[in-house]
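You will see two complexes here that share chain A, one where it goes with chain B and one where it goes with chain C.
Coming up: the complex of A and B.
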């Protein structure tokens, strides 16, 4: 197990390096002179020279990259061009909001997604199964921002039962609507995967044995089938994670939650490149690291993975 | 659905999907003759009118006819989705075939590139590119193609690797077929089915991604309007004029559903291994 963990961690290093290079490369996508493009042609030569020096634009590419990487490794993501505040500080301040949204959404998605998946699989090819699958297909085609807008209109504008914008006093009620919408969005993917994993498990011999022993169907489903399916379902979390990050960007923007997703969009909109790069790098690193953790979790649950 | 539904040997999901897509494409082509008014015609005295006889989908703040704008938005959304998917397809198939066919260092380099691009959540990569390059058509196309190719490339690579070991390839090699001939004549035709399935599902993803990017204000810029950018501008009138969001949102869902149905249906038809 230890050697698997070590191998997986070592494998992540080149990917993380590549992520940093792509992030740094964003600076080179800016057409023309990035500084002039971003601070405006009319900025004083002094300002431009200062930003140039701060970004190290007067150095050769590899030196710039290494200098930037060295700072990043020390937790310095530079200063926002918009607010002048350190990007790392803003990220840290906004992280709790995104984390709370993600946790709420994740709880909803596991409950709904895994539940629907098991429900549908244990009733394969019945009317209930077809209804669930059709619903997943239909809802899966609706973009999350349309779903979120619809929820906002229904609960915030028409029924006026839930707050639809901002963080208010930061209490849980402000996360109910965004968390549920994001959770339902994630659960579509999870329900589909859970269903197909469950279908495979249900066909195994040990399930037939459990039934032959005369165990009640509920026990067969949950204690024998679901627990074995769960091992594979853990890897779903890796797949959900990309949806979670993307979904939180859109959800935070719509519900005006001051999290990292909203920060990313605001920075991108203002073309505040240090902030964009910081958000970009942070989320990509979270994504890569989380995928490694999921792999390790998977290996811990299933010896075949780490030995195979 | 699934394995059950078929009509004259054709999968019902695939048929329904193809029907929806054909319908949407027909609307895009016929937009000029179907639209009640010109999509950009301002009419300030008709600001924010609810759906009714004159304006089936209502009007926006400037009194522009929402139905006409959704119809013309179909062209923008489909054209961007299709172009991005085609670019991703060409990159993915060419690199995937090279990696799978030649193996060795070619495969190593291309596989690492795939890993790197898959290390980013799709929308995040698109946002990064759009903000660095500046919003607009070139950055949308670049962003969506970069997001789309790795999945296709990995698929083609795997399929080509499997085909490479088959007897008919060995036979062709034995009679002296060159690499280019082998790839074009024997290998690629055999990956057509999975690529077709992935492309249909991919079109759905590209349309969703364009819509998301434009919804965030980082995609299609005025005066051009796609379904996503219409939702972006409609959101500020949500409490007074929800139809500004409902109709373009519905259009996205219908188009995406069409491509998903076609992709899933084709998979059931063409790839019996993947049936559940």
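Coming up: the complex of A and C.
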């Protein structure tokens, strides 16, 4: 198992290198001269030349890439053209917000999504199953900002049990509302997927063996069927988590949370190239790490994978 | 007379389908005694597995369900029990072994855990679980049982998986074992050993064994009684000796002839012409009459269906003309019988025999 983990980590290195090259390439893909964007169209040629030298833009491409990569590896993502602050610092400041929102939403989505998926599957085509599926369909049809506003009004204004929006002192209560709303939407997909995977698993011969042993239905469902369904569902969970970790723009905006999602969008609108590159790299690393974690989870859930 | 452990009386089960109910079990009756084996034979699609699953109420629902009859376990009707009470019957009183060992074990659980589950579920006082698991595996002929505890199913061969499933089935000392074609999916070399094991354990543990098979050689070797199933009904039951000496139902005779042919000829052999009828749309009269050689001469076969009749000690048959031969010696001959008209036979490849 340990060597499996090590192998997956080593395999991630070339992927990350490729990502770094693409990120570096962004410099050349962006329309217009970034230096002119930085200093304005009317700067004198000398100023521009000076800045080019300062930024290393006069060196050959591969030297510039290696220099840049070296800095990135040391955690230096450059300074934002917009604020002048180091990009890495901004990301580091915002990540805890996004991470807390992500984990709250993830927990809600897993509890609700997997729970409802299993509930629905074990009652296939009964009234309960139809009710659950219809409810999920209805929730999915409501735009998230409508749901969020309604939740803010109900819990924040009417009942006054939760803060309406903002980060406050950063404690958990500020994440309950946004996390639940976001998690609820995510759980729709997880419930659907879990239900269909469970229906597939329940038909397998080993479920019949489990029943023939005399196991109570509850044990058959959770210990036998659900554990096998998890092998497939884990992939979806990994995807959900990495999407959450790179920031949820809508939720962060509605609930006024300074997370990575908003930072990314702001950077993109402002053509703040170092910030955009930083966000891009950050996302890539999150996805690669999430993938490795999914593989490890997969191997933990399915002994057949560990051999390969 | 040995007492019956399990009596199945007029059992009926069907699968709902777009074409209407598929009557897979249509009035089946038989009984099982401790230490004895009843072989249930018949072409595939005749309802053997449906019968096996209906007894412990394991038919997949939907689309299957039991629609009538009784399953009396020591006089208590299992079909009347609350569904929550069935787990206490399964495994402890009635255990099962299925056809496909490859898919019958949970791929993400160790062998040890899967056997232990069975031991724990119906735990008798005394003895640690681990020892009981090892003993169960050893009894089922699993070599080096201690080493298997931590292995996963994909690390075992087909024959070994089936032994593990037998260990699971017998871990709690059931009185009835239903084995649905337990060797069909295995290598020929392993088949005989698994069957011998089942027969041996059946006798030693005093199990009432329902052995579903399509291999009449297996029947001759392991069973005391035979029930021949056709299109959802048991059309003939007999003690094994009588069955092989004087089968009475034209379908039984066809099966026996086909089996003899397989062994005599290489290559192709003759089987019963036609196929098991559509169980959602059964023929009128005797359900075998569209394929029966005798029926060609007798109008009665298309009339009311034949009732079961006593044809000797422990021998019943559902046929208007039991034991009769058709013209052209359709069922009486063997592979080397002189050439002659053979009205109800076809030349087919042995693989497509569907037995």
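One rule holds in what follows: the second predicted complex is superposed on the first by the 236 of 308 C-alpha atoms of A that agree within 3 Å, B and C clash if a C-alpha of one lies under 4 Å from a C-alpha of the other, contacts with A are read in each partner's own complex, and residues count from 1 in each chain.
Definition applied: contacts are C-beta pairs under 8 Å (C-beta built on N, C-alpha and C of every residue); 3 or more make two chains touch, one makes a residue touch a chain.
Bear in mind that the values here come from a model prediction, so they are computed numbers and not experimental data.
Trainee: Contacts for A:210 in the overlay, against chain B (first) and chain C (second): which applies, first, second, both or neither?
Mentor: Touch status of A:210: second partner only.
Trainee: One more residue to check, A:125. First (chain B), second (chain C), both or neither?
Mentor: So A:125 meets both chain B and chain C here.
Trainee: Is A:157 touching anything from chain B or chain C once the two structures are fitted on A? First, second, both or neither.
Mentor: first
Trainee: Return first, second, both or neither, reflecting whether A:303 touches chain B, chain C, both chains, or no partner chain.
Mentor: second
Trainee: Contacts for A:260 in the overlay, against chain B (first) and chain C (second): which applies, first, second, both or neither?
Mentor: neither
Trainee: Is the number of chain A residues in contact higher for chain B or for chain C?
Mentor: Of chain B and chain C, B contacts more residues of chain A.
Trainee: So in the superposed three-chain picture, is A:146 touching just chain B, just chain C, both, or none of them (first/second/both/neither)?
Mentor: First partner only.
Trainee: May I ask you to decide whether A:27 touches chain B, chain C, both, or neither, giving the answer as first, second, both or neither?
Mentor: A:27 sits against chain B, while chain C stays out of touch.
Trainee: Check the residue A:292 against both partner chains and state whether it touches chain B (first), chain C (second), both, or neither.
Mentor: A:292 contacts neither chain B nor chain C.
Trainee: Once the shared chain is lined up, is A:101 touching chain B (first), chain C (second), both, or neither of them?
Mentor: neither
Trainee: State which residues of chain A lie in both footprints, the one left by chain B and the one left by chain C.
Mentor: Residues 125, which sit in both footprints.
Trainee: So in the complex, the part of chain A that touches chain B is made up of which residues?
Mentor: Those in contact with chain B are residues 14-15, 18-19, 22-23, 26-27, 29-31, 37, 125, 130, 133-134, 137-138, 140-146, 149-150, 152-153, 157, 196, 199, 241-242, 245-246, 249-250, 253-254, 264-265, 267-269, 271, 273, 276-277, 280, 283-284, 287-288.
Trainee: What residues on chain B touch chain A, complex-wise?
Mentor: Where chain B meets chain A, its residues are 1-2, 4, 112, 115-116, 119-124, 127-134, 204, 208, 211-212, 215-218, 228, 231, 235, 238-239, 242, 245, 249, 252-254, 256-257, 260-261, 264, 276.
Trainee: Would you tell me which residues of chain A are touching chain C in their complex?
Mentor: Going by the criterion above, the answer is residues 124-125, 203-206, 208-217, 224, 227-228, 231, 301-304.
Trainee: Which bits of chain C are touching chain A when the two form their complex?
Mentor: Touching chain A: residues 56, 58, 60, 62, 84, 87-92, 95-96, 98, 100, 103-109, 117-118, 121-122, 152, 154, 165, 168-169, 172 of chain C.
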